[in-house]
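Following this line, the structures themselves.
The two complexes that follow have subunit A in common; it is paired with subunit B in the first and with subunit C in the second.
Entry: the complex of A and B
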């Protein structure tokens, strides 16, 4: 084994070293190290996407066409919301939604919707690159946020300042080996094709609706 | 009135609150003589110290297994273990196998069709035809 190979092997250890040395550390301590670049949208702000695609915004929808696009959506802190940027009905109905105990949320990851509640396990249909078990992802795309009696529907997405949804990466799972037999008629030859997909498993650790006190200036 | 033990009122959900890695121990078996262990020996010499230092929550054990192919065994919290034979692999490939064992949950591989597994009751409840405004015939 050559020296260069050894050196390259030693250089490869960056993703592993990201795992915290203390496994039982509170999750909040690692929030700053979250690798959310996979889920986060492109630098194009969602508001501009809405303006490009949706022709006319009905007043009930929660899109924030008037707010300036956030400069860095990945590490953006939940800024105090200005009531002018949101629909006035949110100001009256969102506290009622937040007051009811259980919430569900339809989050979108790579364009696919998943209806989850806090504590659910979510198996993504792909292996997410660049994450290790224990990473915390902030999911900021949601189309629906609801409780037993109230539902907040986005057009197409709910304003990301109105909720807080976090998921912990549990690991990678695989499916049992699939065998597909390729066979042509009137020919004895059979070919076996094997495939085994890998999936990233998440646990929804937190679904929180924003407090109205933070919204009112 | 007999004394009845409390039923389990909550199920463990890893990641809600604390996160615990499911892999608790990894065994690395090698052979000094055999050529199929060449990559594994290089992995143990060069890569494993860093890999082990990055995972203080996993117990690492390295032991010889003469005249056999090299093997990595992962032990999991649920009591199961996974074994991967790494014969004739180079150190980078062995490292990938070790990472596979680290990220596995220890469960048996299952084919699932639904992406979301939930133990929570339904948030909006079950629809009832006798409540609400009703349907005019």
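Entry: the complex of A and C
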């Protein structure tokens, strides 16, 4: 037990010590960032997560020299409209998240999570009733919203005023026909049952983080 | 006036006929079915008979079947913001 622990600690340490000063660095850094962000729990205690508020993770400090710190809060604006229902950390950290482009978002459609970014094509596991190709859907339930260094986590959902996510209905896809053979014992007759399901395909057209000043109320 | 919100949590399979009779009298047929009964000694006694099988809460008003279902259903998470230009063809 103690040996395996020691080994795991050593394994954890090695990438740091093996960091090369060559241009490989940013790639390595990004990898480390992603893994550490997934593994590490939020530093903020769960008591501070009030419903409909969120917790920000500060950028990980594992490799300080490699990644440039998130761009300075140029976008930081006075936020007069920030409602009292939001966590105070959002006021300081949301501009940082908004300043880092390429956001990902975990949207929830009928309670199921889909982690997407802008431009993704998403095949839902069902045919959405009542929509036709070309419809623009506004997705308003998300549990996480993040960029490379920051993650905004909802409890359970991120406040829907903090982001805008839209999707365009591209159409429906069909799976190949399934054939299931039904056969009873001691009887030669076989019955074929066919089924072919249809799935709605969406394209995520927009993932935008709101600026606190111009939040829709 | 308050109500008991009674949910059958464990099945009555293999239990004595008398216990199943109590569940039938409460109107519980299958697991996770929810019924509402007014707070009254008669119903409290019935709940005591099957207390190992049900979960009970006290609520202010009975919910309809639709409302109970709506509690369980997750939100859709989307709405049609702008319909397609060509109209609702191919729907």
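The definition used in the following text is that the second predicted complex is superposed on the first by the 130 of 217 C-alpha atoms of A that agree within 3 Å, B and C clash if a C-alpha of one lies under 4 Å from a C-alpha of the other, contacts with A are read in each partner's own complex, and residues count from 1 in each chain.
We adopt the following convention: a residue touches a chain if its C-beta (ideal position, glycine included) is under 8 Å from a C-beta of that chain, and two chains touch if they have at least 3 such contacts.
Just so you know, these numbers come straight off a predicted model, no measurement behind them.
In the superposed model, A:133 lies in contact with both subunit B and subunit C. Of the two partner chains, subunit B is the only one that A:124 touches; subunit C does not reach it. Contact with subunit B, but none with subunit C, is seen for A:115 once the two complexes are overlaid on the shared chain.
Measured by the number of subunit A residues touched, the leading partner among subunit B and subunit C is B. By the touch criterion stated above, A:99 is placed in contact with neither subunit B nor subunit C. In the superposition on chain A, A:141 contacts subunit C only, with no contact to subunit B. Annotation: subunit A residues 132-134, 167 touch subunit B in one complex and subunit C in the other. On the subunit A side of its complex with subunit C, the touching residues are 107-111, 130-141, 166-167, 169.
The part of subunit C that touches subunit A in the complex is made up of residues 74-86, 88-91. Residues 1, 5-6, 8-10, 12-13, 16-17, 19, 21-24, 26-27, 102-104, 114-125, 132-134, 146-148, 167-168, 170-176, 201, 203, 205 of subunit A are the ones that touch subunit B when the two sit in their complex.
Partner subunit A is touched in their complex by these residues of subunit B: 13-22, 38-39, 42-43, 46-47, 50-51, 54-57, 90-92, 95, 99-100, 102-105, 107, 109-112, 115-121, 123-125.
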